[in-house]
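Notes follow the structure.
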Amino acid sequence: MSSEDNVPEHRALLVLPHIRVQNANAISSPMTWGFPAITAFTGLMTALERRLGRDAGIALYGIGVVCHRFDAQVTTSGYTRTFHLTRNPVLVDGSSAAIVEEGRAHLDVTLVFDVQLAGAYRGDAERLALAERVADELAGMRLAGGSVMPTLVGPTHWSTRPVLELVPDDDSQLEERRKQFRGLMRRWLPGFALVSRDDLLQTRLAELRADDPKASALDAWLDLSRWNARAVERPAKQDSDQMPTVEWVTDPRPGWIVPIPVGFAALSDLHPPGTIRGARDASTPFRFVETVWSMGQWISPHRIKCLEDLVWVTDHDPEHPSEHTLYRCRNAYRPPAPVPTDLTHDIQH
Amino acid sequence: MVATDTTLKTASVLAFERKLDPSDGLLFAGDWSQRDSSTAWTPITVREKSVRGTISNRLKTKDQDPAKLDAAIENPNLQTVDVAMLPADADTLKVSFTLRVLGGTGTPSACNNADYRAKLLSTVKGYADANGFGELGRRYAHNLANARFLWRNRLGAEQVETRVQHLAKGQAITTWTFDSLKLSLRDFDATAEAENDLQAVADLITEGLAGKTHVLLQVSSFARVGAGQEVYPSQELILDKGNSKKSKTLYDVQGVAGIHSQKLGNALRTIDTWYPDAGEGLGPIAVEPYGSVTSQGRAYRQPKQKVDFYTLLDRWLLKDHAPDLEQQHYVMANLIRGGVFGDAEKA
Amino acid sequence: MSTPLTGRPAELRSLIADFLFERLNAKLEKLAEDDPKRVSLREQFVPSAWIEDAARRVGQIQAVTHSLKPIHPDAKGSSLFLEPGSLASLVEVGSHSLGIVFDTDVVGNAAALDVYKFLKLRHEGQSLLTLAIAADADFGAALTDDPITAQAWMAAFAGLAKPRGKLSSHAQAKQIYWPVGSDPHDDGDYHLLAPLYPTSLVHRVYQAVQEDRFSEDAKVARKARKAGEWHERPVHEYSNLAVQKLGGTQPQNISQLNSERRGDNCLLASLPPVWQSLTVKPLFGVKSLFNVYHRRREVRTHARELRRFLESNPASNLKTRQRLDELVNALLDELIQFTAEVRTLDAGWSRDPQCDQLPPAHSAWLDPDAANVHPDDVIERVASDFAHWLNAQLRDPLPMGDPEYLYWCKLAREQIKEYEGEISHEQ
C-alpha cells in the first residue's frame, strides 16, 4: 500500500448495528438519568480510533446513535425510581462496604459514524474487511462503562453485519447522498435517534422572559423537562345558562424531548501537565470542569435527512485550546420549518 | 517537577479493566433428553406470588406486650415475592451466557506514574515469560466446566452438563462437553476423562489473557433439577423499597430470568486456594484484594499477615521482592479481576 | 471586646453577641439548673474565646459550590468555591445560570458547621464572610480590640472559601480525556477534564422539584385539577424522576446541603422511547391494522392532543399549521415505527388463517411475504385508511370533512411512500 493510499480522504459512512451494552452507566450527569451521556459516545469514538491506530486508514469524525432497546435497572413501582444496586465485597474487617449508588442500564444501539477512508478501501471487499475489524475491536471495548456483548438472538432478518459505504461527496451528488443515507436509515427502525434541540431552550427562555425578565436558562430547562398542566376557563356557550367550565390542559411538548448533558465548562484555568496530584497522567493539561446541559430529542430515524443531522461531534477550538473554556458535543439537526400552503386555510374551518 | 527522590513509588492513580467479562446468564427450561436442540427451549419467566409471612423478625421491646403480639399475629404481614420455576413438563434448567476474555493483562487502563507503569509491565512480562497464564487459565476453565456459576441451582441437581463453545464471527468453532458434577468445587484436579477438554479450554483462556485479540466463549450449562422445581435467578438489591410490599425481586433480562454477570464473574474467579487459612477446608475463595468473602463477612487476607494484594504488589514492584509463585498467581488474578487500586489513600 | 464601640462596629459586635447568646441559651436549655457543665459552656461562649476557637476551627471546613465527594465518597481531592456570577455566561445550562442568588455548600468536619453559620450572619446585606474577605476594619474592631489579632482572624475566616492545600484530584474522581486538536492519535492533543459536582445548582433544582411535589400550594393546585376546579398555579409533573442516595445513611459525610437534601439526589429522566420485542405479535383476528396501532399509548396521546388542539379553535396562521403538522407527523412516525416492529416478525406470519379478516393491503404492507396478491395501490390504501382512522378520532363533535381527509391523506402518502420507496430502492 503506498503512503498516499493510506491517507483517509474519501468520505464514508460506517454503521455498527445492534450493539448490545450490558450495565452501561445510566446516571448521565449530576442532574439527569436514563440514556448514557452523549459524551460517552464521542469518547468511545475517540478510543476506537486510537485502538485502530493511525495506520488503519480510517478517521472517525462524528458518531450518531439509534436506540432500539433500553432496559434500566430500576424499580418501576411508585412515583420515583430507585436504582438496583450491586453489593461490594466486605471490607478488610469483615464489615459491609458502603453502598455507592450507581445506576445501570442495558442498551441495544446502532452506532453510525461519519468517517474518511484511505484510497485502499475503494473496493467493496476491503471495506467489508475493515468494517468487520472495527466491529471486532469495538467488541472488546467498554461503552459508558458497560460491556459490549454479542447480540441476543433478534428477529430473523435483523441485520447485525457492519456496513461501510462510500458517500457520494461531490456537491452535485447531494440527492444521491441523501437517498443513500435515508435508505440506510430505514434499516435502523424500529428505534429512535438522539438529536440536539438547543433551539427549544432558547425559544422557551425567550417565552419565559416575556413574562419574567429574570427567568434563567435553568428555569427554561426545567420547564421543558416536565409536564406542565394549567387550568383554562372555557366560557359558557352563548344563549345558555350553563356556567363557564374549567379544563386542565397539559402543555404540548414538541415531540419526545429530554434534558441531556452536552459537555463541560471550565471551572479553573488549564493546569500544566504534572502539576495536579491525583491526575490520571502527568503529561496532559488538566482542568476542573462542570457539566453543562441542553435539550435533546428522540426522533424516528426516517425523519433525519442527512448524516450531519444524525451525528454528534466534539467541539473545541484547536487554534486556541487553552483559552476556549467550553467542551461541547454538537449535532446539526434542526426541526423542519413548516411550508405554508393553501391547505392551512382549509383545515381551519 | 524535578525528581529529588529516585525510589519508585506506587502510582496514585492505578486502574485495571476487568479481563474476564461475562454476560448475564439467561435461564431456560427444557427436557434433559433435548439438550442438543436447546436453542428452542422456553425462557423461564419471573412471576410474583403472595406469601403470608409469619412474625419471625425480632419484635421491638414495645411490641412485646402479649396483647400486641396476638394482634400482630392476627395481622400476618401479607407480602409478595418473586419466584421462578421449571414448568411441569420440563426437568432441566439451562443457564447460558457468553464470556469474553480480553487481552492485555497487566496493562493498566490508568496509571499516572510512567516509571511505575514501566516496572509493572516488565514485572507482568517476567511472570508471563516464566509461567504464562496457564495456571490461572486452568483454574478459570475448571470453574466453567464444574458449573460453579450455577450457585444454588447446582445443589440438588441430579445431573449437570456444561458445554463450552469457542465462537468466532458468530459461529461455534469447537464445542467441549463436561460432566460437571464429576469435577470438584473444592480443588482444581481434572478427572482423567475431562483432562484433555479442560486443557483445551484452559489454553484458549490463557491465549486470550496474554493475546492481543479477545476470545469469545459461549457457555451453556444444563442442570437436571426435576420437573416443576424452583430455580434461582439473581436477587435484586433494592435499598429503598418505598411502599412496595415486595420483599424479594428477582432479576430478568427482557422478560427472561437471569443471573447477574457480577455473580458469574465471582464464581469464575473463585480460584484462590493460596490464602493463609486455606488448609482449614473452606476451599477456594474468590480473588479479592483482601480475600474477602461477603457471605461470611470475613476477609481471609489481612494486611497484617502481609499477603493481601496491595502488600504483595508493592513488595514485588517497589522492593523487587517477588512473592512465592502461588502468590504471584494471586496478584495476577487481581489484575485480571480489575479495579481502581490507587495509592492516594496513603498519600 | 471591652472597649465601648459606636456606630457600625458596635452594630456588628451586637450581631455577633446575639448570635452567641442564642446558641448558648439553646444549649443551656438542655441542661439541668445544677449541671456543672453550665459553667464551662458559659466560658466557651464568651465572645473573645468563641471567636478565637472559631478562627482555628474554620480550617476544618470549606465553603464550596462544586464538590468532589458526590462523585465518589472515597474520592479525596479539591472542591471549589466559584461565585456563579463569575463563571462564563453560556447558552447551555450550568452553575452560571444561578446568577447572584445561590446556596453555598460546606464540606469537611460537620462539628465545625457553627463557624459557617456565624460567617453567614448578615449585616446591611453583606455576610460576615464577605466582610472578612474584604478585611473590613469595622468588622475587625467588632471581633477584638487588638488590630493585629483581628487581621489574623479575618484572614482565617476569609480562607473558608479557599481550596484546602494544593489543588488535587484522585483515583476515584472522574477524569475524562477530551480531544482538543485535529489528531486523535497524538497524546498531546487532549485536555484532561475533571468534572466536579455542582452542589449549589443541584440544590436549586432540588428545591424547585420539592416545591412542585410537596408544597402546600402545589397540593392545592393538584387537588383543584382532580376536582376540575380552577387554580392559578400550574401543576408540574416530573415523570420517571429518579432518586439517587448520596452518602447512604450518613449524608452529612458528603456535605451540608446534601444533608439538608437528606442525601436525595433528584435526577430528571432522559429516557428513550422503547419498544419491547415481546409485545410485537402477529395481527390475529383484527379487521384493520389501525385497530392494533390505536392501542399504542403514544398514538392515543397524540390523537387526544390533536383533537384538543383543533377544539381550541387555533388561529389560522403559520404557527397553527406547524403544530398541526407536528402532531400528524408524530402519529405517522408511530405508524412507521409500528410497521417496522411488525416487520421484525417472521415473514409470512399473515398467512395464518387468523389473519383472514385483515385487508390484503394491510397484510401486504406489514408482511413482506403475505399470501394474497399484492394490490398495486398498497400505499394509497394504507394512507387513505390512516386518514379515515384519524378523521374518526376527531369527527365528533368537530366538523371534519373532505379537505381534512385529503390533507391527512397527503401527509400520510408522503411519509409512507418515502419509507416504502427506500425499501424498493434497496431491494
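Each chain carries a letter (A, B and C) given by its place in the written order, and its residues are counted from 1.
Keep this in mind: a contact is a pair of C-beta atoms (placed from the backbone, for glycine too) under 8 Å apart; a residue touches a chain by one contact, two chains touch by 3 or more.
Bear in mind that the values here come from a model prediction, so they are computed numbers and not experimental data.
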* Asked: Computing the C-alpha centre of each chain, which chain sits at the greatest distance from chain A?
  -> B
* Give the chain pair that accounts for the most C-beta pairs in contact. => A-C
* Whole-Å gap separating chain A and chain C, where each centre is the average of the chain's CA atoms -> 18
* **chain A and chain B, separation of their C-alpha mean positions in angstrom** => 33
* So how far apart, in whole Å, are chain B and chain C when each is placed at the average of its C-alpha atoms? -> 36
* Structure fact -> Touching two or more other chains in chain B are residues 12-13, 110, 239-240, 254, 342, 344
* Asked: Counting only residues that touch at least 2 other chains, which ones in chain A make the list?
  -> 69, 80, 82, 99, 277-281
* Contacts with 2+ other chains: residues of chain C -> 76, 170-171, 175, 243, 245, 276-277
* In the complex, go through chain A and note every residue touching chain C. => 27-28, 30-35, 39, 43, 46, 49-50, 53-54, 59-60, 67-70, 72, 74, 79-83, 98-101, 103, 154-158, 179, 182-183, 185-186, 189-190, 192, 194, 198, 201-202, 214, 216-218, 221-222, 225-231, 233, 245-249, 252, 254-256, 258-260, 262-268, 270-271, 276-281, 283-294, 296, 298-300, 302-303, 314, 316-318, 321, 324-328, 337-338, 340, 343-349
* Structure fact -> As the complex stands, chain B meets chain C at residues 12-15, 110, 239-240, 254-255, 340-342, 344-345
* List of chain B residues in touch with chain A within their complex -> 1, 12-13, 17, 21, 23-24, 39, 98, 100, 102-103, 110-114, 167, 169-170, 213-214, 216, 236-244, 246, 249, 251, 253-254, 260-262, 288, 290, 292-294, 296-299, 302-303, 308, 342, 344, 347
* Sort out for me which residues of chain C touch chain A in the complex. => 66, 70, 72-73, 76-78, 80, 82, 87-88, 90-99, 166-171, 173, 175-182, 184-185, 187, 189-198, 201-202, 204-205, 208, 212, 224-225, 228-232, 234-246, 248, 265-277, 305, 308-309, 314, 316-318, 320-327, 329-330, 333, 336-337, 339-341, 344-347, 399, 403-404, 407, 410, 418-419, 422-423, 425-426
* Structure fact -> Within their complex, chain C touches chain B through residues 74, 76, 170-172, 175, 243, 245, 276-278
